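Common to both upcoming complexes is chain A, partnered first by chain B, then by chain C.
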Partner chain A sequence: MFVNPWSLALCLLSGITLFLILVACKTAVKVLRHWDPAADSQRQIELESEIWLSSTLVQYGLAFQIISLLLYVLAADHFSGMLSGAMCATGALLANDYGLPLLIVKIAGMFLYGLWIVLHQLDISSEKYPLVRLKYILLLLIAPLLLADTALLILYLQGLNPDVITSCCAVIFGEGDKGAVQNLLGRMGSQTTLGFYYSWLALLFVAGFLAWRRQEIILYLLYGTAMALFFVLALHTLIAQLSSYIYAMPFHNCPFCMLKREYGYIGFFIYLPLFATAFCGVMPMLIHLCRARGILAPTVARLQKKLVAVSLFALALYAVLSSYPYLLYLFRGGEG
Partner chain B sequence: MRIFLEKHLNLLDYALSSLWRRKGKNLSVFFVFTLVIFLLASFLFLTRSLLVSAQITLRQTPEITVQHMVAGRQESIPLSYMGKIEDIFGVHQVSPRVWGYKYNEVTGANITVMGLSRSPLLGEEVLAEGRFGAQGEQGWAVIGQGVLADLDLGSRRSFSFFRPDLTLKPFSVRGIFAPQSNILTYDLVITGIDDGRDLFGLDPQLATDLLVEVVNPLEIATIARKISQVLPDTRVITRPQILKTYQAVFSWRSGFAAICLISALAAFIIMAWDKASGMAPEERREISILKILGWQTPDVLMVRFWESLALALVAFVSGTILAYIHIGYFQAGLFRSVMMGWSVLRPGFDLVPVVSGTDLFLLFSLSILPYLAATIIPAWRSASVATDSALRG
Partner chain C sequence: MLIELTDIVKIYNQGEVNEVRALEGVQLSVAQGTMVCLKGASGSGKSTLLSIIGCIYPPTSGRAVIAGTQLARLPDRFLTIHRRQTIGFIFQHFNILPRLSVLENIILPLMPLGFSPARRRAMAEPLLERYGIHHRRNFPAGEISGGELQRVAIARALINDPPIIIADEPTAHLDTHLSREFLATMRELKGEGKTIIIASHDPLVTEDAGLDRRYGVQDGRVTQDVC
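And then the complex of A and B:
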């Protein structure tokens, strides 16, 4: 189903991003082959000018990818109005085998793209561009992911068939039209999972606070790993348990409907802090590697501390906002 | 943080003044961009407002419609089918309906005449005046605004149609639909089912289709499947299906329009690229002077970014407002026929523009992002001019 404004926008955005990144990759190959900070040849001067172009291109491309993630989820919601059996975005994503992998690639991509931008900022903070090779190797690794993203998008859109009333007979009641709600994850466990989730959250706060105070690699490692696991756990809990309280419907566990106006756009205020805290929580551990390059050490240390602080703040925000509907439910006399 | 904000505020300030200095060049880009956004936005808004109208009107339709198919064509359905449907558990009520078209040779319009076995589920508020006919009453009609105008009734309250054998069938108008329901009722005449049969010369044991009301909306699909099993020679249409079909058809049409407009967008992008690439000698000198003053390549790129963004946002806002006016005040005069077809009576209802955040976001991704992407490489070219040669030349 390509003839649709949403599909067109997604394809257009994918095409543009691919174009920008491929142009940047050309520079990446040149940099990896010829970069020599000591030389003052014409080639080196041209390269130094070109890396500005490529880094701008990449930053645009990555920003576009982040926008396309949001566009993709909203498009899925739109598509659900045309597919039989799809009640909301979840149904549209499950309509064929490529919807969900594409979503995962897009989310994983966001973290990689973010890492690239952080590395880039670190790199240009020093006049010697100490991370230039690392940066461009990462870029060459990102390119295949982007290709996969585009390929999955095309496969997904191609596999979507809107159900139009046919003129022959009642052939339209396929097995998809069950009239029931489809969920990514069924509702499971109850108090135990929630208890585990909140204890993990508390531990995370302690680890984060210690990392912020002491700034040691082992604590960054601990916080980063715990955060990565928490991200998965949080998505799981949010979908399987907390979402029901947002919708006030026990069997509606959709991760996307909360982004809509019916629920006051609360999803944006939940997902934004969650992604922010996960990203800022994992980064200090990763950029610690750059500390080895002597000149960057003070900048990296400052950035790590800042990132952990932002991560903790976002975590607190996320904890409050995601628990708010549940607490409201308990406060109004609901049974836990 | 403050330094960062101040820097960008200053860059924005410089970018705006630089836009203003090159009014002529930027205005042409602005006008074309506004036009492209206006066209795209008109289509998106039109689709949305048609969809919303369809959703509102479909709320009134019965859950399931059953039609009789003979040799792949729709034929009148025998009333004996009603009993078989009523036996299905979960069915609230089955009512027959007779409907068809009357062609007005004078004005060239098609009028829909619908005979109902009981008052429609619409309620009295859809009527501007009068009421629906009571059970057993003969010769009554409730007509839409379009019919009122088409038959040129004025203050008269009676009219007649020809039966198939060219005898006249008189009707007296009991009520008139309010203009708010025009999308549904503009060309509609509602009457009793016996009058409908009389008018179309239909056998008393036949109806055009059967309307099935279902108690629990979650069971619509199941009951529809059961009906099609019990009565294999029927076509069963459910309300959710009609809605999905509407959405698919409207989306397809607006997607088709978007494809046409993408080429306009592409032409615009090429123009924007070209405009941004062709640099006057003064511009080269300006950038050289900035660089001598201590500006760096990313600063120049940032100024260019702010310039493009400011231009694009202003074009976006004006294009969107123009599109809103186009839909709201001019009833989408440019594209109405593309989205709705050409029948004589149908284009009578008022479009109400509906603007949703998601549509604006879609429009943003379709227009502003490609434009921003198109200006990066020219901006970089201008930012990396060789200072000495530009100043000497």
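And then the complex of A and C:
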């Protein structure tokens, strides 16, 4: 299903980004072999000019790649209209073996690409390129992921066949055996999940506030780790538990239907803060090592504080928006 | 030394058929508060040397330390800030924008700094007075005389109060009287502690008594200190 505006847009985006990254990998090898900020040689001066252009292009490429996650979900929703049996993006993503792995690669990539962009911004905030080596090592690690992303995308689009019947979300996320709710991530009991989830949420707020207030590595570490775990837990809880209240249907647990018009596009307002809080919550822990480069210490400290603040704000937004239908049900008994 | 160039090489179009080796192993030191002239024929490498001192181009190799920093090798966003604070340019054709008024031309380097219009005008006022062009402040720059144009160019170079003034063939289009007037202004600025670097092959400039050093530039090499 390549001859389709969504497919073409996704392929073009992936192709361009991959091309930019592969070209930048050449620069990365040069940086690893020859980078010497103290030298006045022609090679060093040329390398300084080259990394400026290369890093800028990589930054935009990776930013577009992050956006492609959204594009991919929207495309899957669009494909569902063409695939027999699919009612939403779920059916389209499970139409062959590559849809779901591609989604996971894109989500994982979002964090890595974001980290690279943050490191790049820190690097160019100084006159002396203090993080050049680090960010180009990371780029070399990112390249295989981008390659996998593009390969999976091609395989996925190639494998989409309108004649093959796929499943709709009601079947996939419908009532499973023994009364448990089936979802993409596994099975878990209802009340246990919600209790654990809201306790974790409360812990996060406390850890986040302390990290923002005291700015200590141990607190960034605690908040970052707790946030990474929360991200998985939140996706699980949202799909397995909270989605039923959003749809007002006990056995409808689709992660994608909430992105549709009939649910007021509420999914976007839930997922965006969730991804934002997770990204901004994990980053302060990851960039803390950059404080060791004395020249960057004040900039990193400022950025960490800002990221935790944004993370807390997004977390609050996510908590309110995702819990609102559940709380409404709990206190008013349904949609009122 | 305010300006310290070591083993500077500048090659244009490197590796191509039209490769030009504009500078070759240049060593040059300029102390603060001095007036220096780079003397040489057209195509000798004077303007390239000024461009490297002025951080317009980075050298192909070598070390160019300007006011304590290797300015030309700074990332763009920092280079612009440092250059604006450190160097004032006076170009051969003055590069004045004819449709803008005299005042607007002078305050042009202040535009990206975020000063209020009132502050910009206040900074330009003393220079307009000093160089006798106050009465022309609202005239389009394209309608004033050559001598006034020259003074507008000087005022614009000084608006940020930079420690280094670079002038590339500043008298090439001026008559003798205006050339002398220009040199008198440069001597005055030197007296105020500014470092002046003039590239010229005009004998009026190269023989000026205010110069502390004269360097010959030939075939991309700084050949001698002729003072």
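Basically, the second predicted complex is superposed on the first by the 306 of 336 C-alpha atoms of A that agree within 3 Å, B and C clash if a C-alpha of one lies under 4 Å from a C-alpha of the other, contacts with A are read in each partner's own complex, and residues count from 1 in each chain.
In this text, a residue touches a chain if its C-beta (ideal position, glycine included) is under 8 Å from a C-beta of that chain, and two chains touch if they have at least 3 such contacts.
Keep in mind that this is a model prediction, so the values were computed, not measured.
Of the two partner chains placed around the shared chain by superposition, chain B is the only one that A:81 touches, whereas chain C remains out of contact. In the superposed model, A:40 makes contact with chain C only, not with chain B.
Once the two complexes are laid over each other on the shared chain, residue contacts for A:277 go to neither chain B nor chain C. After overlaying the two complexes on the shared chain, residue contacts for A:16 are found with chain B alone; chain C is out of touch. Of the two partner chains, neither chain B nor chain C is touched by A:304. In the superposed model, A:162 makes contact with chain B only, not with chain C. By the touch criterion defined above, A:129 lies against chain C but remains apart from chain B after alignment on the C-alpha atoms of chain A. Of the two partners chain B and chain C, more residues of chain A are touched by B. When the two complexes are overlaid on their common chain A, residue A:52 makes contact with chain B and with chain C alike.
In the overlay built on the shared chain, the residue A:261 is in contact with chain B alone; chain C does not reach it. Taken together, the two structures place residues 49, 52, 124 of chain A in contact with chain B in one case and with chain C in the other. Here chain B touches chain A in the complex through residues 43-44, 47, 69, 72, 218-222, 224-225, 228, 234-237, 240-245, 247-249, 251-252, 254-256, 258-259, 262, 297-298, 301, 357-358, 361-362, 365-366, 369-370, 372-373, 376-377, 380, 383-384, going by the rule given at the top. The touching residues of chain C, counted against chain A in their complex, run 6-7, 9, 58-63, 69, 73-78. Those residues of chain A that touch chain C in the complex are listed here as 40-42, 45, 48-49, 52, 124, 127, 129.
Across the complex, chain A meets chain B through its residues 2-9, 12-13, 16, 19-20, 23, 49, 52-53, 56-57, 60, 64, 67-68, 70-71, 74, 77-78, 81-84, 124, 162-165, 167-170, 172-173, 177-180, 261.
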